[in-house]
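Below are structures written as structure tokens.
What follows is subunit A paired twice: with subunit B in the first complex and subunit C in the second.
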Partner chain A sequence: MAEKAISRPGVKRVIGVDLDFGALRTAGPRYWAFVSLLVTVIGLGVMAWGTLLTHGGSVMAMRDSYPWGLWFTNYMYYVGLSAGGLVVYASVHLFNAKQFAPLSRLAVLQAGVLVMMALLGIITDMERPWRAVWMLLTPNFNSPFIYTGSAANIYMIICFVDLWILITGKGGHKLAHRMTLIALPFAVYLHTTTAFVLSLNKSRELWNSAVMVPIFLTSATASGVALLLICAYVMQRIGAMKFKPSMFRSLSTLLATVIIIDLFLLAVEILTVFWPTSAKPGHALRLAEFFTGEYAIAFLPVLVLGLGAFALLAGRSTRHLPAVQITASLMYVVAIFLKRYSLMAMGFAVDPLGQYSAPYLPSLVEVLIALGLLAVGLLIMTLSAKVLPLRVPEEDSAESDQVVLASHAPEQALEVG
Partner chain B sequence: MSEDSTRSAGQAPLDLPEGCTLSRRTFLGGVGATAGLVLAGAVPALVSSAQATEGGVPGNESLSGVLEEDGAVNYPGKTVHYAEPPGDEKWAMVIDVKACIGCRRCVYACVKENNIGRNSGFTYIQVLEMDKGKVDVEHASLAYEQGGDPDKWYMPVQCMQCAKPPCVYGCPVTATWRDPDGIVVIDYEKCIACRNCIVTCPYGARHFNWVEPEVAEAEINPDVPLHEKAGVIEKCTFCIHRTREGGTTACTEACPVGARKFGDLNDPDSEVSILLKTRRVWRLKEEYGTEPMIWYVG
Partner chain C sequence: MLVLTAVALALLFAPGALAGQSATGELAFHPCSQCHPVTLGADGQPLRALPIGMTQHVVELEVHDILGEGDTACLACHDDPSRNPGMLLLADGTFVDVTGDVSRVCQRCHFEKYREWQVGVHGKNEPKCTAAGCHDPHTPSWIYVGALPPFQGTGMEVRAVGEWLPFKPLAGPPTPPAVLTPAWLAIVTALGAVVSAGMLGYLILGRFKR
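After this line comes the complex of A and B, so read on.
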């Protein structure tokens, strides 16, 4: 594979990965227009961050009543999106899901880039980012931040190492398989600890529920699978990768399954909060804001979009259509963002002393920083689509390794276990 | 026999419904409880005279349950740099909500004393105005115009200096801890501004300086940091710079009706010790298990 690639012009080998810079040279004007748009957005984001560092936190819309804002919504959201990709990749190895094998490199790249965006979000929110070193020097192990922060960092490293292993084929399929056994539990761990940041607070009734953890996991998987589906379509459209229609069908079946579990858990939580024999005033009062308060415009769409996406994917006659699959995926990706936002914001809307604050809407600075980070992620994906060898070669040794690996996955899992 | 005695005792008007009369069982129960209370008072008194030095503070044994909650949490071994080192005290406050008229003088005194930025948009003390009949924090008002409404009652809330402080447990970098005298302090040089303590505090006691705090030159209190507080969390410190030098808190001093009592629980003769031993006191959100060091009495 390497020899074949090296013969093409413009290919440079960096730590065993063939970077195809030649593809950039042949890229069309639309590609470069998109890249320069992303660079402009990143520039605006950097300017916004500079404003924040020089003027202090008051340029953001967060206040004591909303101590966390868009950055935390995005942290939960990106970390969640990254999970889905990894679940798909891991199912290739653990559950012999051969149909997802062509996705593996894209899924791992997407997972790593998303967690990187989540972590950058934290850094850009701190007023004195250099103080973060105290997290390493004097950590307090009672704080869920320690666990979610370290998990996100390690997870990001695992993803990129994994991508490198997949591309170079170093260590063979055995190492790739073992990496899955590390990466998948870590993905679950990361989402559990992220949910714990919210749920381990007796001071905030709305979040203080154990069902938050499974809801985080299912929301994460559903939105991540949906994003991967969209991403795969885009990659196919621009000619970077190629997939079989059956792969999309499997992906959307998985998506529909996780969506319905996600909605079920949400329904269970809502029922528990409002049922007369279990309703606690503080909790019911806060959750009621979801339906009747000012947050209804952010939360009711979650239910509508969620049920709508499931209905689209459940229809036997239409679910194989790409347009339907993409629409449903987009609906759920948007639904999960609204869910994260309303969940975070509503937890703050009524403070521990019962004081209601008007809904939190991010300020321009916050939006620009968030868009800048999004552009960073998109830029990495855009460049990777051309430069990185994301396509899993069909008849290549790497692919046959994967197929062999996939077919022997259960036995290997037993051996390793 | 006792049936007769109840009837003769309750001879007079008797418009009461059936359930309201004093039955034999409740009457006997009442006697038992009274005797129990007397005994409970007497036995510890005897014990205390016998072994005064063993366990707890002499004369304060009935408060041993509260005193046992003491113990520094996450204490790094050095005290905050702007105050005297902690002594043997265990600071506590009792607020009489029956006396409080909601005038907010404690709030204003606190703002001046503690260099709270006049532009910061928060105060350490928040006075809740509540409807009579229940302790319903969920429907309390913070933004009432002026106090003294006879149809309402008032409850000042500030940092409770909890013995089991969720904020300290939640700080990822150990930038906040509980000093041995029970005051929860913050290291302004270390706070990473993650604001997790605002989230974990059930009393809304922690505040973040979203702006550089501004105080007029003439009004700056030199004993309290000011510029260090930009971009970090701050909260009530029981006026650590005063109380550790023998003074009392600014809010206690400012209260026009004497509703606040501040003192040392390790001193059996302090006002707070006596109040806790003689009055029926309660704490806000006791069910959260945070063991606050501010008690209310009504």
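After this line comes the complex of A and C, so read on.
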């Protein structure tokens, strides 16, 4: 593949990877319109960050009673989304799931970019990011942050190294297999420590639950697989990659399975909290806020969207339809964001002294920075779709004559957003 | 002139200094142990002279009257007055001197407040700080803002030991300060939103044209 690609104009080899810059020149106006849109949003985000650096915390809606806001919610959300990719990629090697083999590069790229977005969010959340050095110089080993922060950094590096190994083919299948043996446990470790950030809070009764860890893992896997499915459709539509319908069907089956496990764990938690003879008053009081209180508008859709997504995918006769698969995936990706948001709000709605806090709504600066970071991730994926050789060689040789339909790019990339 | 200025300043700031003293939660004085236990001689008069010709004092309870009527209310916290009312009853049945850690007496009922004070979210947890340093122990909803010398007048009126203000708990959580959004950022965002909407329109319309 490499030899074939390098013969084309506009292809440059950087550290053994053939970057196809020529594809950017042939890209249509709508592709560039989409890139300009993303750049505009990134520009707004940069200006918002500048405001934050000059004005400090006063521009944020995060307050004493609500110290973790949209960015930390996004951290958990993006870290979770990145898991799905890794699970699919790992299943290729560990369980010999050949049908997912064409997805491997895309899955690893998606995982790496999402963790990068998560970490960028933490940098803005620090307000004075240069102080991050103190976390390294004076680590507090009792704090789960030290574990989740280091895990996310290492995980990001593992993902990008893994992508490089997959693209260049260095070390062959053996090295790729070994990398899986490192990356998959690390993904589990990362998501476990992220859940620990919440569940090890003794004073926040709603988070202080051991089931938080498995719920994080299943939510992460389900939303990640859903996003990968959407991403794969987009890549197929813009002609960057080609997949068999059976691959999407397998992915949907996997998605439906993980969704129902995720919903089951959530149901178990709700039942434990509200069971008359086992309910802890503080725990029940806080969770009740999400059924009848001000946060119900964020939490009830989680159940509706989650059950809806499962119902859509449960029917065998309709599961193969792309519209059904994409709708269900979108529903679950949105559901998990709302779940993360309400989970964060749950902890802060009633503070440890029993006082109610005003509901948190992110400020303009917070929203702009969050959108800017999302646009950074989308921009990387949009450019990668053209520049990076994401096709797996076996697929590529069969599909090499396919014409790249660049003009379809923007609308599809929009669907991801 | 300098001395006069210093005296004027001292008088001016003295109430503030007293308030500061009270704000540390430290007992400003311990009058009880100076007389109690009161032992009477053969003539039925106290062996030790009571200050300012005092014979007995009355404490009026306004909140702690729920503890009972008459002596019952006193005995809820104090030892028998004929023995030593300066000794206060703890939860385990032992006594603590009124100059000691009297907060543990209050802890018997107000254990939640005691816990909040211990962890530092109620008042100040400082070495000499006690509940009675800030609250009038007989009517704890009164808090001291400045200590006055004891035994003003002929009897010991508990209210006379300090100025007091009625204590009102917060009606709700404190209102968070408003979020600052610079006007220029709002304007730039509006412009950016218009540009983005234009681009989105182009992308969506282009889809139908295809």
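In this text, the second predicted complex is superposed on the first by the 394 of 417 C-alpha atoms of A that agree within 3 Å, B and C clash if a C-alpha of one lies under 4 Å from a C-alpha of the other, contacts with A are read in each partner's own complex, and residues count from 1 in each chain.
By definition in this document, a contact is a pair of C-beta atoms (placed from the backbone, for glycine too) under 8 Å apart; a residue touches a chain by one contact, two chains touch by 3 or more.
Quantities reported herein were computed from a predicted structural model and do not represent experimental measurements.
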Practice problem: In the superposition on subunit A, see if there is space for subunit B and subunit C together, and answer fit or clash. | Solution: clash
Exercise. For A:64, select first, second, both or neither according to whether it touches subunit B, subunit C, the two together, or no partner.
Key: both
Quiz item: Is A:292 contacted by the first partner subunit B, the second partner subunit C, both or neither?
Solution: neither
Practice problem: Identify the partner contact of A:135: answer first if only subunit B is touched, second if only subunit C is, both if each is, neither if none is. | Solution: first
Quiz item: Looking at the overlay, what does A:204 touch: subunit B (first), subunit C (second), both, or neither?
Solution: first
Quiz item: When the two structures are overlaid on chain A, which partner does A:48 contact: first (subunit B), second (subunit C), both, or neither?
Solution: second
Quiz item: Looking at the overlay, what does A:277 touch: subunit B (first), subunit C (second), both, or neither?
Solution: neither
Quiz item: Just subunit B (first), just subunit C (second), both, or neither: which does A:143 touch?
Solution: first
Quiz item: Of the two partner chains, subunit B (first) and subunit C (second), which one does A:365 touch, if any: first, second, both, or neither?
Solution: second
Practice problem: Give the stretch of subunit C that clashes with subunit B in the superposition, choosing among 8-16, 80-88, 116-124 or 152-160. | Solution: 116-124
Quiz item: subunit A residues touched by both subunit B and subunit C?
Solution: 58, 60, 63-64, 351, 353, 355
Quiz item: Hey, which residues of subunit C end up touching subunit A in the complex?
Solution: 116, 121, 172-173, 175-177, 179-182, 185-186, 188-189, 192, 195-196, 199-200, 202-204, 206-207, 210
Practice problem: Within their complex, state which residues of subunit A touch subunit C. | Solution: 30, 33-34, 36-37, 40-41, 43-44, 47-48, 51, 55, 58-61, 63-65, 351, 353, 355-358, 363-365, 368, 407, 410-411, 414
Exercise. Can you check the complex and tell me which residues of subunit B touch subunit A?
Key: 74, 76, 121-122, 126, 128, 136-140, 142, 157, 166, 169-175, 190-196, 198-204, 207-212, 230-231, 288
Quiz item: Can you list the subunit A residues touching subunit B in their complex?
Solution: 56-58, 60, 62-64, 67-68, 126-128, 131-132, 134-135, 137-140, 142-146, 149, 197, 201-204, 281-282, 285, 350-355
